[in-house]
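What follows is a set of structures to go through.
One chain, subunit A, links the two complexes that follow: it is found with subunit B in the first and with subunit C in the second.
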Partner chain A sequence: MTLNQQRKLKTFITGLFAWTIALVLFFPIFWMFVTSFKTELQAISIPPTLIFEPTLDNYSEVQERSDYIHHAFNSIVTAFGSTILALIIAVPAAFSMAFAPGKRTKDVLLWMLSTKMLPAVGVLVPIYILCRDYGLLDSKTALVIIFTLMNLPIVVWMLFSYFKDLPKEILEAARMDGATPWDEVVKVVLPLSMGAISSTALLSIVLCWNESFWSLTLTASDAAPLTAMIASYSSPEGLFWAKLSAASTLACAPIVVFGWFCQKQLVQGLTFGAVK
Partner chain B sequence: MSYLAITDLQKHYDNYHALRGINLSIIEGEFVVFVGPSGCGKSTLLRTIAGLESSTGGSIELDGRDITELASSKRDLAMVFQSYALYPHMTVADNLSFALRLAKVSDAEIQEKVRSVSASLQLDALLDRKPKELSGGQRQRVAIGRAIVRQPKVFLFDEPLSNLDAALRVQMRLELARLHKKLGTTMIYVTHDQVEAMTLADRVVILNAGQIEQVGTPLELYRKPNSRFVAEFIGTPKMNLIPADKITHKEDELVFDMFGHTIHFPAKRIKGTQPDSVIVGIRPEHLTLVPEGGDLTGRIELVEHLGSEAYAHIQLQNDQTIIVKAGARLELKDGQEVHIHVDVNEIILFNDNDQVVSVIPEEA
Partner chain C sequence: MKRLTKNTLACAVSVAASMTAFSAFAATEITVATVNNGHMIEMQKLTPAFEKANPDIKVKWVTLEESVLRQNVTQDIANKSGLYDVMTIGMYEAPIWGQRGWLQAVDTSGNYDAQDILPSIRDGLSYDGTMYAAPFYGESSMVMYRKDLVKAAGMEVNDRDSWEHIRDVAAAVNDPSKGIYGICLRGKAGWGDNMALMTTMANSFGARWFDENWKPQLESAEWSNAVNFYVDLLTKYGPPGSSSNSFNESLALFNEGKCGMWIDATIAASFVTDPKQSKVADQVGFAQSPISVTEKGANWLWAWSLGIPAATKNAEAAQKFVRWATSKEYIQLVGNTNGWAAVPTGTRTSTYANPKFQEAAVFADAELKAINSANPNDSTLKPSPYVGVQFAAIPEFQAIGTTTGQMISGSLAGSMTVEQALKSANTSADRQMRRAGYY
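Then we have the complex of A and B:
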C-alpha cells in the first residue's frame, strides 16, 4: 500500500468509527421520535413495527391532557432564570479567583467541584424540608435557586479556566490607563470573554432544561417544567410508550432547535481549556 | 531636585527577597535604564513603581507626593509592556483613546489627541484596525502611542523591544530616543540588553540580586565600573579578567605576576593598602597585537571578523582565553603565536571581593 492509500484507509476507519458511535448515541432519540407517531399497540409490539402509518393522535392527546405551553414556560423561566443568576454570581467569583488568587483559591475551587460529587438524593430531605418551611414547594423560585446552586460550580470552573488564560498584562495595561476594577471587568474582561460566557450560559441552560430529579421532587403542577410533564406519562395505570414519546419529543424540541443554532458556542464551551 | 525618589524600597515574596533596599533618585526629564541579568529584580522594581506590585517596605515619591500605597490607576504613569498588551477587542483608535475615555476627556479633545499621536507614530492609516491585524512593529507603536496620548508624568517601559526582530529593534530604539528628545518626559526603561541601555540612557542603573550595583552615565559605567560585576556586564565583547595571584612589591611599583609574564604598575597610583593579589581587568580595545616583546603571549584560537574590525580569541599559557580587538586587515592564522601589549593606563584592578581597587588616574 502506498502512503496515500494508507492515509485514506485510516480516514475511512476513523470515519466509520465516529459514525457508529454517533448513530448509537442518536438511536434512542430517533426511536423516541418514531414511536411518537405510532399507536400504543404498535409501540409495544415485538418485533417492533418498522413500517406503519404515522399518526398525530399522541400529540393531540398530550395536548389535551397536559398544558404544554404552561410546562414549557416553566422550563424556560427556570432554565434561563437560574443561568442568569449563576452568571451574576460566577463572573465576579471567577474573575477574582483568576486575577487575584489567594493561597486557598485552589482549595475553594476543588471544594466547589466536590459538591458535584455528592449524590443529590443525599440532600433531598433537608432541601425538601427547607422548601416546605419557606412555602417554596411547587414554586419556580425554589427551582431557580436549586438549579443555580447545582450549576454554579460548573459555571465558575468554566469561566475561571477561560479567565485564567486571558493575558494578565491586558488588565495591568487597563489599570495603568486608569481603569478601576469595575472598568476592568466591564470594559475589558467581559467584551473579551463574550464567547466563553455565552457557551457557559448555553451549557447551563441545557443542564437545567434536562434536570429532572429536583423538578420532580419539588414541583407538582404549578411550577412543573417539561421534565415533570414527561414523567406524568409514566403513571400507575401503566406506561403509555407512544404518548410518553410524544411528550418527550415535545420537551426536547425547543432545546434541540436552540442547541442547533448555538452549536458552535456549545462545542467551544465543552472543549475550551482542553485545546487552545 | 529629584522628581521620582525611591527610598529603601523592599519587596519580599513568600520566601524570596526580590528588592533589597533600593535607593534611587531620578530628575525630571531623565531617561533612566534599569539593566541587569534575569532575576536581578529590574522588572519587579519597575512594576513596584507602577503599583502593579506592592512594596513591603520603603517609599516612592513622585513629584513631591508619596505614591507608595496609591493604586496604579491613580499614579499618572504610563507603561509599555513587553507583550504590548493591547486590548484585542478594540480598534487602534479605541486602544489609543481608552485612557482618555476613562478620564472623561471631551470627545473633541480625544479626537484631536488621537489624531496628533497617530500622525507622529505613522498610525493614521491603521486607526480602524484591530491589534491582530497589525505587525509586531505596528503593535509596538500602538502601545507607545497609548502611553504618549495621556501625557503622563513618567513613562515606564518593560523590555519593550525584546519581541521585535533585530533590524526593527534598532529602528525602534532610535525612534524611542527621538521621542524622548521631543517630549522631554521622564522615562524609565527596563532591559537586559546592555546595548539598549548604553545607547538610550542618560543614566544607567545596574541591578544585581535585588540591589543596585552601580548608577551612572553609560560612559562612567564603561570606564569606571565599581565592581567586577559591572565591568563584566557592560561592554561587548566582555572585559578580559586575568588573575594575578602573586604581586611583588618593589620600591615604587608593583609587579603583577601572571603565569610567568609580568606587568609593572606604579605603586603610587593605588589608593590605600597595597593588595597582595588582584584580578586585572582590561577591555579588548586596550590590548594590541605586537610583532614581538609585549606583555603576554598566546596562541590564536579563533578570529571573528566583523568587517570594520576583528576580535581575536587568544589562548594564554594558563588555558584562559582572552579577546583582543585587532584591525580588520591584520593577517591572523589559527594556532599562530602572538604577542600582546597591555595598555597599563587602562587597566582596572579588582580585589578578592570583586570590588574595584581605587586607582588614581594617570596624568596625561
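Then we have the complex of A and C:
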C-alpha cells in the first residue's frame, strides 16, 4: 500500500467514524421529528412503523392546548437575559483573573467550578423559600437570576481560558498609549475575543433553553418556558408519545435554527486554544 | 390658579373613577394545577364555558407530569406559597392534607348535590366527615381481557375469578412465538405503580401493610404468598421486561394486541375500546378483579380530585370553579359536546343512571361495580389501623410504598429472591415507622 493510499484509507476511516457518531447523536432528534407526524397508535407500534401517512394533528393539538408563543417568549427572555447578565459579570471577572492574577486566583476558579458539582435539588428548599418571600415565584426575574448563577462558572472559565492566551504585549502597548483598564477591556480585549464570547454566549443560551429543573419548580403559568410546555405532554394514563414529540420538535426548533446560523462561531469558540 | 385647581381636581376625579371602574371589571385570576390526562385536558378546553358564566373569573392552567405535579403542589401547599388556587390531588393526599389544615373544605351547599357522589369516593376524599377535595374522575381496577383469545383457548374469564384460574387462563393464552403474552401487569417500582396492583393482590391474599400497633407486616406468610404468586405469574406468562412496565407500557402492549389479559385501572377501558387507539377494540371483555382468600381490598380505589389550598387568596373563585368542574352539569356539558363515552366517570351516581352514558360506554357496569365494591375504610381481612385500599393514608406511606415497590420490582427482575425483598422492605418500613414515632 502506497503512502497516498494509506492516507486515503485513514481519511476514509476517520470520516466513517465521524459520520457514525454524528448519525447516532442525530437519530433521537430525527426519530422525535418523525414520531411527531404519526398517530398515537403508530407511535407505540412494535416493530416501529416506518411507512405511514403523516398527520399534522399533533401539531394542531399542541397549538390548541398550549400557548406556544407565550412559552417561547419566556424561553427567549430567560435564556438571552441570563446570558447577557452572565457576560456582564464574567467578562471583567475573567479579565482580572487572566491579566492580573492573584495568589488565590486558581483556588477561586476551582471553587467556582465546584459549585457545579452540587446537585441542584440540594439548594431547592432555600431558593424556593427565598423566591416565595421576595414574591419571585412564577416570575421571569427569578429564572434569569438562577440561570445566570447556574452558568456563571462555565462562562467565567471559558472566557478566562481564552483571555489568558491573548498576548500580554498587546495590552502593554495599549497602556503605553494611555489606555485605561476600561479601554483595555472595551477597545482591545473584546474586539479580539468576539469569537470566544459568541461561542460562550451560545453555549450559555443552549444550557438555559434546555434547563428544566428550576423552570418546572419555580414557575407555574406566567413565566413557564418551553421546557415546562414539553413536560405538560407527559401523561400518567394515556398514550402521549406523538403529541410529546410534536411539542418537543416545536420547542427545539428555534434553538436549532439559531445554532445553525451560529455554528461558525460555535466551532471557532470551541476550538480556541486548541491550535496555537 | 382657581381654574388650574379645578382642572386638577377634575383630572384626579376622572382618573380615580376610571381606576374604580377598571378594578370593578378586573377579573380574578385563578391558577389550576393539573395532571395531563384526557379528562383534564377536556376540562381545560371547556373552561371558556365557565368563564362565560363567570365573567369576573379567568382561569389559568398549569399542566404537569404526575411526579412533578406531586412535588410542586406539595411544595406549594406545605410552604403556603399561594402559587396555585386549585390543585389536582389524589385520594392519598386529600385526607392527610385535610387533617393538617392545608386544604379548604369543599363547599357542597346549594345545588351541588354531594349525595350524588359515589359513597366510596366521597369517603376516600374526606377526613372526619368533611370532604377536602371534589372528585373529578374516579377509578378502580378490573380485568380487561381478549375475548377472542380466551375463547380460542377454551377458557372463560368471570367476575371475581380466583388468581389460580387467572394463572390458568394466562397459561392457555400465552404464545410468545406469536408475540402474545398471557397477562400484562404493572412491574415498575413505585407506590402508585407496581404497589397499587401488588397491594390489592396482597389484600386478597389476606395480607395487610400494618397491624393494629402500626408494625409493618411485610414478612407475613400472606405477603410472601401474594408476591411469590405475582412474580411467578409474570415471569412465566408476562411480557419480557415487565419490571419496567406501568400503566402506559401495558396499555401500549394491550392496544397492540400483545396481552391476553390486563389487570389495571378502570379508566383504561375507555382507551382499549377506542378503535382510534386500539387494534383490539372490538374484542375486549371486562371482569371484576380476581381474589384469593378474600374479596376485601381486591380492587383499588382512586380519584383525581380538585382541592383548594388553605393559602389561596382567591378562595371564592376557586370554590366556584371546583363546584363547576365536578358538577352534574359539567358531565352533561361534556356528554353533549364530546359524546357520552368521553365523560369523566367514577364520581357520580347520576352518570351511571344516564341511558345515554350506558349506551355509549360498554364498560359502565363493570366500572361502577368495581368502584362500589372498594371500601377504603375496610380493605383488609385482618384488622388494620389505616384508611385506603392500595395505600395507607399516612404521610410515611409514599416512602415505604416506593421502597417496597423497588424491592419487589428487583425480585421480578431476578436480582433478589422474594423473601429477601420482603425482609429488606420490612426492615426499612420498620425503621421509618419507628422514626416517625408510631411506636
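Everything that follows uses one rule, which is that the second predicted complex is superposed on the first by the 269 of 276 C-alpha atoms of A that agree within 3 Å, B and C clash if a C-alpha of one lies under 4 Å from a C-alpha of the other, contacts with A are read in each partner's own complex, and residues count from 1 in each chain.
By definition in this document, a residue touches a chain if its C-beta (ideal position, glycine included) is under 8 Å from a C-beta of that chain, and two chains touch if they have at least 3 such contacts.
Not measured: the values here are computed from a predicted model.
In the three-chain model built by superposing on subunit A, subunit B fits alongside subunit C with no clash.
Of the two partner chains placed by the overlay, only subunit C lies in contact with A:Y233; subunit B stays clear of it.
Using the contact criterion defined above for the overlaid structures, shared-chain residue A:L149 touches neither subunit B nor subunit C, since it reaches no partner.
In the superposed pair of complexes, A:D177 makes contact with subunit B only, with no contact to subunit C. Using the contact criterion defined above for the overlaid structures, shared-chain residue A:T217 touches subunit C, although it does not reach subunit B. Counting the residues of subunit A that each partner touches, subunit B and subunit C differ, and the larger count belongs to C. In the superposed model, A:V188 makes contact with subunit B only, not with subunit C.
Shared-chain residue A:A120: touches no atom of subunit B or subunit C.
Residue contacts after overlaying the shared chain place A:M112 against neither subunit B nor subunit C.
Here subunit B and subunit C sit at a least CA-CA distance of 51 Å once the structures share a frame through chain A.
Subunit A meets subunit C in the complex at residues 39-41, 44-46, 64-65, 128-129, 132, 137-138, 216-217, 220-222, 224, 228, 231-240. Across the interface of their complex, subunit A is touched by residues 50-52, 71-74, 77-79, 81-83, 85-89, 98-99, 102-103, 146, 150, 156 of subunit B.
By the touch criterion stated above, subunit A contacts subunit B in their complex at residues 167, 169-170, 172-180, 183, 187-188, 191-192. Listed in rising order, the residues of subunit C touching subunit A in the complex are 31, 33, 35-38, 41, 44-45, 60-66, 68, 71-72, 75, 79, 81, 83-84, 247-248, 251-252, 255-256, 258, 265, 267-268, 271, 276-279.
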